[in-house]
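Note that the chains take the letters A, B, C, D, E and F in the order they are written out, and that residue 1 is the start of every chain.
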Amino acid sequence: MIMRPETLISMNRIEIVVDEESLSDLLELCREAGVRGYTVIKQAGGLGSRGERRPDDYALEEKNAVVILACEEKQAERIIMSLRPKLKEFGGMCLISDCQWVIGPAASY
Amino acid sequence: MSISSLLVPAILFFALGMFACIIKSDLKFPPDMHKMIVIYLLIGIGLHGGKALATSNMGDALPAVWAALGFGVGLPIIAYIILRGIGRIDPLNAAAISAHYGSVSAGTYMTAVAFLGGIGVTYEAYPVIMLAIMESPAIMIGLVLAGYSRKIMGGAQKGEKGMMKHLMIEAFTNGSILLLFGSMAIGAAVSDTSYKKIEPFFETIFMGALCIFLADMGMEAGKRLSEFKKVGVFLVGFGVVMPLIGAFFGIMVGHYYLQYSIGGVTLVTVLAASCSYIAVPPAMRLAIPEANPSFYLTLSLGCTFPFNVVIGIPLYYAGAQYLAGQ
Amino acid sequence: MSISSLLVPAILFFALGMFACIIKSDLKFPPDMHKMIVIYLLIGIGLHGGKALATSNMGDALPAVWAALGFGVGLPIIAYIILRGIGRIDPLNAAAISAHYGSVSAGTYMTAVAFLGGIGVTYEAYPVIMLAIMESPAIMIGLVLAGYSRKIMGGAQKGEKGMMKHLMIEAFTNGSILLLFGSMAIGAAVSDTSYKKIEPFFETIFMGALCIFLADMGMEAGKRLSEFKKVGVFLVGFGVVMPLIGAFFGIMVGHYYLQYSIGGVTLVTVLAASCSYIAVPPAMRLAIPEANPSFYLTLSLGCTFPFNVVIGIPLYYAGAQYLAGQ
Amino acid sequence: MSISSLLVPAILFFALGMFACIIKSDLKFPPDMHKMIVIYLLIGIGLHGGKALATSNMGDALPAVWAALGFGVGLPIIAYIILRGIGRIDPLNAAAISAHYGSVSAGTYMTAVAFLGGIGVTYEAYPVIMLAIMESPAIMIGLVLAGYSRKIMGGAQKGEKGMMKHLMIEAFTNGSILLLFGSMAIGAAVSDTSYKKIEPFFETIFMGALCIFLADMGMEAGKRLSEFKKVGVFLVGFGVVMPLIGAFFGIMVGHYYLQYSIGGVTLVTVLAASCSYIAVPPAMRLAIPEANPSFYLTLSLGCTFPFNVVIGIPLYYAGAQYLAGQ
Amino acid sequence: MIMRPETLISMNRIEIVVDEESLSDLLELCREAGVRGYTVIKQAGGLGSRGERRPDDYALEEKNAVVILACEEKQAERIIMSLRPKLKEFGGMCLISDCQWVIGPAASY
Amino acid sequence: MIMRPETLISMNRIEIVVDEESLSDLLELCREAGVRGYTVIKQAGGLGSRGERRPDDYALEEKNAVVILACEEKQAERIIMSLRPKLKEFGGMCLISDCQWVIGPAASY
């Protein structure tokens, strides 16, 4: 990346998929861990260890939610550590990767 | 009863929906439309039932309650024995499927009401109570059968107790059941003047809305046809035979124990013959995650529902006529 | 007026929705269903009002307009003074909450219409004009109060002017208001023959559709009950007392200034006592982002709306009867 | 025929929707609401048509079928010649636009029915068959014109054959067409007693539901107005002239060849003058991906539809009256 | 990343966008390639080589689906190789990037 | 990544979250900056500097849109530079990370 350092901040991007029913618990945990910003996409479907989940099935609607969360590395570690014990129960998945936050919008991480 | 009187619009719309699915038409109803119509139909049937019950003797309703509980407990056990004994279906799938057959299908019930209305046959007020009651015990029995299955399989019994309580609560707070009971209570409570004001919405246009519901159900059933191969010959056959077994008990109980009119017996038979696709599937998915949902959904939506709607209802009506000596 | 005549289906369905929420049922109506019913109800009430206005003297409507403007401006100021003076609520939250009480709730209005219809009481054509008018001035006053609040807080007045203009435009192009005014115009313009063709849809089945709307509102109100703790005792109390204050002015204006019949006075009182949850919340979120939305939404949907629907309407009717000397 | 009888509610709601869009109101109907109403209206019109056809001589319907095929084939060719010859529109866009004009707009048809109903004019049962038939040939001709265009442009003819077959299947399994045909069959098949039960839903409240549909169409048309600049003066003019050309053929065929009553001639004219926005756009998007969808959508929804609804229908009616010598 | 290795597993994140109509074919291919987990978001819109696709357009509804898939590097390679021949036909896009799977939920990759 | 270079192209993945009302402005800017492909997911919710935004709230519907955009590094820089002045106004967030474009679908970046 050749962009100047005042443009970008190195950060972590956390991406979590859980059942929609567990979403509010997850977000509660996130807020407790001091998260100041996240984005939620509902009505997702998927395949996992519990088989297929279809949000648009007629008789058996099972919906996932995708949570995307950008934060500084230290914060990411704290979040992961406080989420981990619950992740087993939530199921789904939790990914973490590197990214750059483009400075501009009000800092909410 | 001529052929043309069998051509109830609701059933023809069901056939149209299935046809659309079979010829791979891109016809599709918005999912929310279906949910809305179901809400509307449940309220409509509840209000109508409540109004009818308000003018009848509540004590006379008790036998209907016993019959409903009997079906809810007895039919799943019969289903389980058949599935395990004859079909050699693995215990947990057998338990999940069985639970569905103790419960009822409001859609089938309403189609039967439309059918009776179309040929001008009256019926008692009590079957609607059975409709509201039968969903819950079936879920309970499904859970008991699952526990039994796990025991004979030697598996761990993890958290069975907690699940039992959780599902019991769910069986009684289930949205559809609540809506049905609530509307029955409201229908019974309001004055005739008040009822008249909401009658055009909940009664006059009911049969038309039912047509759209059944067109959608037809598409849903049509979609499941393609899964017949995965489900296997035995289970597909079970999906046709089990409603007939349920119907046998239904018609006997309706005629000899409850002693209803031809219309009433037909409705009781339909209740016993039908199988749930609303409250039971999510409950079984939760209670028996090891079971394959495509088994019970295909049976319920792709097999038993179409069978009852197209063949079952007129058949049960003919049976009720026969028993009544007409 | 017997107890059973108080059991209007619409209100019972509201109670059912709230009950479902309290027992944590999974009952849920599709969000689009709610939007659709609101659209339908607004058009229905507009058409009906327009038709009634077409046959009445337009000059007689003027006092209703003045009353509406008076409520829209006066009630928020009273609310603001109470919130600041007694409740010590911070200025911006006080401004945001106040604006809601100058406005009206179409849902409460329609429930009152259902209530009057259920007991066979007639009413004037003019209150529906007030319904359409009152949303806009309340938003304006909310903005003025916010500006005043910001001044006494010594904060920056950034972009107040632009916001004012923006919100003024919004207040007059708001979808619900437009739908109401537009339908009134259409109801007034079309011939009787034409009106007869759309009457079955917009009038005959209106009361039934209102039941589904109120069941949904009941669930929405039920959801907000859990926020009472966050909102605090004073504000919850305010959510009950403020409609009574509004009602006091409403009944006085309705009886002495407008000199309407018992039914008309009841409707005017309901308008003054009710508080918006359609156009005002988004406007306040935009105009006063510092205010906490859960305050005004909990008050409006969880407190004042249920109070008016369950207790307020019969109370205001009794008051109107009393004033009329009956 | 007075001015006030021209003020059909459906058309006024169309104007309201367009007005809302022009003043940039935030009025918005849920997309699923529109889909649901379209499904409902198509079934309603199909049932009604089927019922009417059941009592009429099927042989007499044949000329209507020929006329429909003639319009479906002839009008796109005329449109293509005008677009290419006068407008110098590129061949593929010309082909895509042309196809739309061989097809019909069910919304315009229903508005015309509402218009005739509003002034108490009766009409034949056959035009509804034309409505159901005309969508398919137009798609075919669109494909032929596209093939021709590609040839004169010297481009590759990749997979034309497969596409042709694919689209032919699609033209006949299209959801809207299927719903219309299916409902016609059901309407014709069911007994009068059965039909009576669903009539309140599908007929009595039909005209009111149509109002909501047209309000939504008004908003949709309003949105497209902003694209007029991109589309250019010629095409906007074409969107007004082409329906008039279609109407000329329609009125001639309706009066001299089909020899229908004034109401029937009006409907035939509307069919010939209107242009599709349901089945044809997706088909053309697939068949001619090189064409710019905003051209044909703007013409169809933003230009021809509003023109027909507001000016066309009364004009065609006046024309039919004139020819009938009234 | 200073988190301990028993917390995270290095993985690949594959992100595919296709028309909703092609989704079931794509997922079929994925399952054939041995994929044990994916997440699907429907009703997406976008711009691409075929122009704009709007899921909420009135007369011309065109919907995309986004598929997110976390898997081990080897598996990723296998998936990509078996998908590639079909990607041309599907259109859309297929991205692959590095990420870390946070250990906790049942392994479904 | 052991895949051969003719399979993958190194690229940047830009992920932007804004209010749905600002979406058309953002996409307009993107198109002006020469973007040839993007994917949009609407109806998202989230938490940020302006508090929570819930797309399914009854009385206060606030919707976010997520825009995902894959492009070459140079192009990414151009986009970021032309977006930055407006990002402050849009709010939300803008992330950028590295990814590989799997060659196959028509190039739309």
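Basically, a residue touches a chain if its C-beta (ideal position, glycine included) is under 8 Å from a C-beta of that chain, and two chains touch if they have at least 3 such contacts.
Bear in mind that the values here come from a model prediction, so they are computed numbers and not experimental data.
*Asks:* Suppose chain centres are the mean of their C-alpha atoms. Which chain sits farthest from subunit C?
*Replies:* So the chain farthest away from subunit C turns out to be E.
*Asks:* More C-beta contacts across D-E or across B-C?
*Replies:* B-C
*Asks:* Taking the mean of the C-alpha atoms as each chain's centre, how many Å separate subunit C from subunit F?
*Replies:* Roughly 40 Å separates the two chain centres.
*Asks:* CA centre of subunit B versus CA centre of subunit F: separation in Å?
*Replies:* One centre to the other, that is 48 Å.
*Asks:* Would you mind listing the residues of subunit A that make contact with two or more other chains?
*Replies:* Each of 41, 43, 50, 56, 97 in subunit A touches at least two other chains.
*Asks:* If I count partner chains per residue in subunit C, which residues reach a count of at least 2?
*Replies:* Within subunit C, the residues that touch at least two other chains are 32, 36, 200, 204-205.
*Asks:* Considering every pair of chains, which are in touch?
*Replies:* A-B, A-E, A-F, B-C, B-D, C-D, C-F, D-E, E-F
*Asks:* Once bound in the complex, which stretches of subunit C touch subunit F?
*Replies:* 31, 34, 220, 277-278, 281-282, 285, 289, 293, 297, 300-301
*Asks:* Quick one: in the complex, what on subunit B touches subunit C?
*Replies:* Touching subunit C: residues 32, 35-36, 39-40, 43, 47, 170, 173-176, 178-179, 182-183, 185-186, 189-191, 193-195, 197-202, 204-205 of subunit B.
*Asks:* Which of the residues in subunit F end up touching subunit E in this complex?
*Replies:* 1-3, 7-8, 11, 13, 27, 31, 35-43, 68, 70, 97-109
*Asks:* In their complex, what parts of subunit F are in touch with subunit A?
*Replies:* Residue positions touching the partner: 12, 15, 17, 41, 43-50, 55-56, 64, 66, 73, 77, 80, 83-85, 87-88, 90-97.
*Asks:* Help me check something: in the complex, which residues belonging to subunit E touch subunit D?
*Replies:* For this pair, the touching residues of subunit E are 50-51, 56, 58-62.
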